[in-house]
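Shared chain: chain A. Partners: chain B in the first complex, chain C in the second.
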Partner chain A sequence: MKKFLNSADSFLDDALAGFAAAHPGLSVDPATRVVTRAGGAVPGKVGLVSGGGSGHEPLHTGFVGAGMLDAACPGEVFTSPVPDQVLAAVRAADSGAGTVLVVKNYTGDVMNFRLAAELAADEGLRVETVLVDDDVAVRDSTFTAGRRGTGATLLVEKIAGAAAARGGDLAAVADTGRRVDAASRSFAVALTAGTTPAAGRPGFDLPEDEIEVGVGIHGEPGRRREKLRPAREIVRGMVDAVLDDRPVERGREVIVVVNGLGGTPLSELYLVYGEVAARLADRGVRIARNLVGDYVTSLDMAGCSLTVCTAEDGFLDLWDAPVDTPALRWGV
Partner chain B sequence: MKKFLNSADSFLDDALAGFAAAHPGLSVDPATRVVTRAGGAVPGKVGLVSGGGSGHEPLHTGFVGAGMLDAACPGEVFTSPVPDQVLAAVRAADSGAGTVLVVKNYTGDVMNFRLAAELAADEGLRVETVLVDDDVAVRDSTFTAGRRGTGATLLVEKIAGAAAARGGDLAAVADTGRRVDAASRSFAVALTAGTTPAAGRPGFDLPEDEIEVGVGIHGEPGRRREKLRPAREIVRGMVDAVLDDRPVERGREVIVVVNGLGGTPLSELYLVYGEVAARLADRGVRIARNLVGDYVTSLDMAGCSLTVCTAEDGFLDLWDAPVDTPALRWGV
Partner chain C sequence: MDADLARSWLAAMAAAVTAERDRLTELDSAIGDGDHGANLDRGFTAVRDALADDGSTTPGEVLVRAGAALISKVGGASGPLYGTALRAAGRDLAGAAPGPTEVADALTAGLDGVRALGGAAPGDKTMVDAFAPAVEALCAGAAEGADLAAAARAAADAAAEGARATVPMRARKGRASYLGDRSTGHEDPGAASTALLFRALADAADRAGEAP
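Now for the complex of A and B:
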């Protein structure tokens, strides 16, 4: 394993210390590992909290800031935060208007966030949970019952975050988040496996001429292994998998994210985006907004995911709303 | 080699087509491979043009937009654009106020941009050239006489771009760019080599427990190979190399870029940034602004570079000025 680290044990704390140093507008509590806006909870605003295992950066810490998350609780690499850490994030985000938890559908996350929500309720805090389960590759997987939660998390956090910033109440913000998840589908392909600091070796073996089609963001197995093919053919399979799961009518507008999994050059992601755009055009789908880059990663995995979200009522307006976070910034 | 591509021959054009599809505010001429703002040259404003071999994305195409470049001319991967392509970019950027060319110091780039400047002058266009040569690792290298141009290119393009946007004349914008280069020093470390689509295999061999200290952005050899060590020790060497080349007085403010070379997870870059900040604090240097992320890459190389630029008169104000490009966006 070759990584920039001091020791596997201190990796997360060292990375969070650097994150805190780089972003004076944010605050990292080294005791709880909760990342918040330096100004604290916004009075009267519904809080938005997310978290999960580390290793998917910029998700979630890079999405803390105005217009998106109020707090993030990063667990150890590929390991859910414990309930007490999630509870600390809820306390930090709550200003009396209640808090929405955005939870990717992995068994450990679901359990720990549920326990945290119960602990928060015991303290009189109002909490709603939005479960993200957008990955159409497999139903039930390593660590998951049902579909996995992956790239759509970014869309849920941005759009629900904008709804909260505009003064939506707890039920409305949670409903917005759930509508985004319901409108979103994702599919990922890996060319190589990522390496966790603790394991020190790639999470799975993949022959030099094969790809994992439908991979999860922790390297979970997908639908099948295939020989490496031209990008156009790989992308066609990704687009079709997404649209076959949730058909999109011709003429409909969508938000598209072509997301790098950590080890893929930006030039390749743009190449993939071009193929996605061409295939969607073939199927009569119109791209209203797009993002191309590394947003929901799997350490240094080479590969990418595609997320398509139909532009339901209000989504584009909320997508365009100002956001000021380390990883997404516009309108400010 | 495992990459998302249709063929090595069409890689650049396919990637540019995807880039154009993703960014409707920009325009890509498939014939000349010149990227411009969709609105064309800004009347009365000095034009800013850069380019060089592809494979370093988002540099330079991702820096085209308001507050930064007017045009970029990407060559084939790791290959300088030819003079005619550079000339096409100058023509596209020129609105009568003259054009500044930002050129990284590689022999091919220097020669081709010089020829293009002469061709432009023959057409009556006024051109000034800013040479970027910030990399302190080696004096003379593969493809280079003198120091290599690397991470500081981003700083030159942002700060000179802001000077142009504010109405600086040709001499003033070029002078600003030269002052940024003079104030900047960089140093990079590779953990792995990148793979070009044409070669299909890593650009150099590096044993599993070794790193290349002082690597160039095309995989050029650095100062030496070392055993992998804790990040704190590696970073100390990088900071000291930069400050030994150009000492920074105690109490001085600097802009710091911790730049990923393409294959390194963001969490590791933040960890590196934390160590950089600690080492600079030890040496009494104050970080006024920072960037952490992939800006000047080397395909899928794992590694990072450090750039330190002293905050000379006006630099921070120009740094903070609005910028609206695919890879850098704030204030808009």
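Now for the complex of A and C:
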């Protein structure tokens, strides 16, 4: 393992300290490990809180700021935050209008956020939870923990964040988040495994000439392993997996995210985006907005994910609304 | 079981988790994300610290406090699940020195708490596959009039057997479920750590030489 580390044990705290130094507009509490907007909760606005294991940066801390999250609670690498930590984030985000929790569908996240929501309710805080489950690589939710939450988390946080900024009430903001999740599907392919600082070696073994098709953002296995093929063929499979799971009518507009998993150069991501655009055009789908870059990563995993969100009523307007965070900034 | 035995049980569990940390991590790397050993080690170290001079006078209080420490220190799925198990058991356990039947009932409540939170059933390749047979053996031993040490030894054996029985299973809960058929052929790390929990109880009860 070669990483910029002082020690594996201090990795998260050291990284958060650097994040705090780089972003004086945000407030980082090293004791609770909660990142908030420096001004605190915005009076009258519904709070938006998310969190999860670290290692997916810029998710979630990089999305704290005007127009998106009010607070984020990063757990240990690939480990969900604990309930006390989520509760601290809810308290910081709550202005009296209630708080929406954006939770990726992973067993640990679901349990810890559920316990936190119960603790918050005990304190009289109003909380709604939006569960993100967009990864179509998981097909059979009867025999699994259900579809995983991945790239659509970014879309839910941006669009629900804009709805909150515009003064939507608790139920409306949560409903917006759920509609975005329902309209979104993702699929990822890994070329290499990521390495956690604690483990010190790659999370799974992938032969030099093979790829993991349908990989999860912690390196969970996907649908199958395949031999490495030309990008056009790999991308075609990704687009088809997404559209087969949730068909998009010809002529509909979508938001597309081609997301790097941490170890893939931007040039390759653009190459992938070009293939995605061509394949979607073949299928009559119109790309209204796009993002290309590292947003929901898996440490240093090489690979990418594709997220397609059908632009339902109001989504594009909310997507275009101003946002001012470390990782997403426009209209300001 | 009195408060001291509850403390020595959890201290024995902390020592066992530290000793077995690498094995748990290895099991978890095969079908999960490889952090089970580190997470439980962090959690039970926190439990040991929380119980160092906590002033609890009943075993129920000790278990509730230990469960709260796990929930607030571990994260992931194992923190809430083990924390809930101990808290639910502790809340059920009344009095300063409950007998084997009461302990068996309390751990049944712990199992119920785990199943309610995680939604797992026996056969899903989770900690329930070790926890359920252990509780069954504990209840059977208590019903036959065994002392806590003897009943706990039977429970520890049943938990170990239950953990081994997860090897051929196909996971239906938790992160291993994403592997589908590829999850077979590996022991479930949560079942393995549950076997440690019941072995620690048997060892602590043995040392306490507790009378029926």
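Here, the second predicted complex is superposed on the first by the 326 of 332 C-alpha atoms of A that agree within 3 Å, B and C clash if a C-alpha of one lies under 4 Å from a C-alpha of the other, contacts with A are read in each partner's own complex, and residues count from 1 in each chain.
Just so we're on the same page, a residue touches a chain if its C-beta (ideal position, glycine included) is under 8 Å from a C-beta of that chain, and two chains touch if they have at least 3 such contacts.
Note that this is a predicted model, so its numbers are computed, not measured.
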Chain A residues touched - chain C or chain B, whichever exceeds: B
Contacts of A:Asp133 with chain B and chain C, given as first, second, both or neither: neither
Touching partner for A:Ala302 - first (chain B), second (chain C), both, neither: first
Contacts of A:Ala231 with chain B and chain C, given as first, second, both or neither: first
Partner chain(s) touched by A:Thr107 [first = chain B, second = chain C, both, neither]: second
Contacts of A:Pro221 with chain B and chain C, given as first, second, both or neither: second
First (chain B), second (chain C), both or neither touched by A:Gly75: second
Which superposed partner A:Asp94 touches (first chain B, second chain C, both, neither): neither
Overlap of chain C and chain B interfaces on chain A (superposed complexes): none
Residues on chain A engaged by chain C in the complex (per definition of touch): 53, 75-84, 106-108, 111-112, 114-115, 137-138, 143-145, 148, 196, 198-199, 203, 216, 218-222
Complex contact set, residues of chain C against chain A: 25, 29, 33-35, 38-39, 71-81, 117-118, 170, 172-175, 177-180, 182
Touching residues on chain B, where the partner in the complex is chain A: 2-7, 11-12, 14-22, 54-55, 57-58, 62, 191-192, 208-209, 211, 228, 230-232, 234-235, 262-275, 277, 290, 292, 294, 297, 299-300, 302, 304, 329-332
